[in-house]
Amino acid sequence: MIESILFIVLALLALASAVVAVISKNLVTSIISAGLVSLLASLLYLLMSAPDVAMTEAAIGSSLATIIFFYVLNRIRAKEDSRD
Amino acid sequence: MRNWVIVVILLLGTWLLLSADVLMSTTSVAGSIAAGVVVSTAVALLFAGRKMLYKNIRLTPKALVYLLFYPLVFLKALLIANLDVARRVLSPSLPINPAIVEVKTNLISPLGRLVLANSITLTPGTLTVDIQGDSLYIHWIDAVSTDVQSATEKIVRGFETYLEVIYG
Amino acid sequence: MEITMIAGGVVSLSGSLFLLLGALGVVRMPDLFNRIQAGTKATTLGTMLFLAGIAIAEPSWIPKLLLLILFIIFTNPVSSHVLARSAHHTGIRMSDKTVVDHLAKTTEQRGSESLQGDEQEIAAAKSKGGER
Amino acid sequence: MNIGSIAMGAGFLLVLIGLWGILTRTHIIQIIVSFSVVDTGVHLIMVAAGYMHQRTAPIISEGLAASDAPSLVVDPLPQALVLTAIVIGLGVTALMLAFALRIHEKNDTLEIKNIERLRW
Amino acid sequence: MGNMLFLASALIALVALGVSAIRFFRGPDTLDRVVAFDVITIISISLIAIIGFIMQRSVLIDVALVYALLSFLGVIIIAKYVERGL
């Protein structure tokens, strides 16, 4: 019972932040929202008794992917700054 | 040398906490602990020479007593901080009076300053924003005084008496 | 057995109330610095109490929970500190109730031209609308 | 309702949201973000396919004896697949970002509408 | 009885997660969203711990450890990017 409630609320939050990630005009917001989708999805994996997948998703999907995105954004911004 | 010993002790403590349930269930307790000692010594040999972060920590008896007492002071401050936050958040009019004030610290060692800044962040109504030289810039949610001297007296003094003995 | 369960449950419940307070503070406070204040303090104590409650109810998990509490105590203030510093550097608008800002004064004294250049850069970046 | 079917539905919705983003966004970085949303949705569907109601995680420890594990654990195979898929998804995302950097070097823009030179 | 208390605290933590998600979805500035993200990660650490307790599997505490170690890296990277100091 409690698991169903947790699961439904977390799934709804994940869907909402996926919508934000897709429609947002701001790139930083959209990347953070994608990280939040990964984070909530890893909580869902945990409730579906897959702790190994949850650990990997938290480490890779939520942290490492965000770091790579920001690394690339930083490269692009540095290039645009030097061009101006 | 002191730096190296402290790094080994910290790493070994982390190892023992992490592997505690394995230690309790298996029979080869000595082997597991020996593995921890070897690994933490190796890691300390690799990395301890780079940053002498724990060089300034003092190991006099008074400092050890203060080191034991410091968490209690800190936990008390944290509890008061939370009741304070609760009062502010729950009251309908949001009684806040924020300011960023400058305070001075006497601590010299980087580790002491780190602990001081973290403690200030977790205590009632204050948040460390920046450190420049020996002055800390603090966001104070309910600024009683904006003068440097009196703000230092109110925010820093409580922790600094302890941290000066421990870290110098 | 039952008594430790109830004691742990009460401690956990109070921790979750502090978590809720932190979340409410993040929503209600007027500007970013006050949000960081409420968010950091309340969630730190809330998580500590929450994990302490589990530790009371399940004593064999104590080592790992202790490690988790230590991690949270050390990392939580650092991330809030970084956020506050970055917010001040980018010139986030502070609440109207703000009394005084010593940090802004010192940065102005330190070198007015470099900071102005910085701010122009930031303004230019903002007008670009974050790459889009 | 079984949480496996809810997870299946949520995963399909995530895939659809991400697909919509891939098809309608015009900024390349945002297309990559939408791709990672699709990725997460597919992982969710695969884990949900292996979920069985009222069963526990397939890791044998003191709480779960090896002898009665087969009747108590969920299907571990989809989880192993998803572990690989997550790592490969990160690799694909990184590759796409490298291409995006390259496009930005060539064209000085990441907006698809502004890229006029379609052939090299 | 004791178990009921733990279930209730899990539900309250879930409510707290939802409330801070409001700030995430509204938050006018990017850094507001980052603050909300930080709060959400910390709340989800406690949520993971309590799910592990309810399911009675000690494996889940390791997941919480990984979370606690890695979540703060992401926040620092984002703040550094916004500060233009990466």
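Letters A, B, C, D and E name the chains as they come in the text, with residue numbers starting at 1 for each one.
In the analysis below, contacts are C-beta pairs under 8 Å (C-beta built on N, C-alpha and C of every residue); 3 or more make two chains touch, one makes a residue touch a chain.
Since we're looking at a predicted model, the values are computed, not measured.
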{"item": "Chains contacting each of chain B and chain C, listed by label", "value": "none"}
{"item": "Interface with more contacting C-beta pairs, comparing A-D to D-E", "value": "A-D"}
{"item": "Remotest chain, chain D as reference, centres from CA atoms", "value": "B"}
{"item": "Chain centre separation (chain B, chain E; CA means) in Å", "value": "23"}
{"item": "CA centroid of chain A to CA centroid of chain C, Å", "value": "20"}
{"item": "For chain C paired with chain E, centre-to-centre distance based on mean C-alpha positions, whole Å", "value": "12"}
{"item": "Gap in Å, rounded to a whole number, between the CA centres of chain D and chain B", "value": "39"}
{"item": "For chain C, residues contacting two or more additional chains", "value": "22, 24, 36, 44, 46, 60-61, 64, 67, 76, 78, 80, 85, 121, 125, 130-132"}
{"item": "Where chain A touches two or more other chains, by residue", "value": "26-28, 47, 49, 51, 73, 76-77"}
{"item": "Multi-partner residues of chain E (at least 2 other chains)", "value": "10, 17, 30, 34, 55, 57-60, 62, 82, 84"}
{"item": "Touch list for chain E against partner chain A, complex", "value": "7, 10-11, 14, 17-18, 21, 24-25, 30, 33-34, 37, 40-41, 44, 47-48, 51, 54-55, 57, 59-60, 62-63, 66-67, 70-71, 73-74, 77-78, 81-82, 84, 86"}
{"item": "Residues on chain A engaged by chain D in the complex (per definition of touch)", "value": "3-4, 7-8, 11, 14-15, 18-19, 21-23, 27, 30-31, 34, 37-38, 41, 44-45, 47-53, 56-57, 60-61, 64-65, 68-69, 72-73, 75-76, 79, 83"}
{"item": "Complex contact set, residues of chain E against chain C", "value": "1-6, 8-10, 12-13, 15-17, 19-20, 22-23, 29-32, 34-36, 38-39, 42-43, 45-46, 49-50, 53, 58, 61-62, 64-65, 68-69, 72, 75-76, 79-80, 82-85"}
{"item": "Residue ranges of chain A touching chain E (in the complex, touch as defined)", "value": "2, 5-6, 9-10, 13, 16-17, 20, 26, 28-29, 32, 35-36, 39-40, 43, 46-47, 49, 51, 54-55, 58-59, 62-63, 66-67, 70-71, 73-74, 77"}
{"item": "Residue ranges of chain B touching chain C (in the complex, touch as defined)", "value": "14, 16-18, 20-21, 24, 78-79, 81-82, 85-86, 88-90, 94, 96-102, 117-118, 121-122, 125, 127-130, 132, 137, 139, 141, 143, 146, 148"}
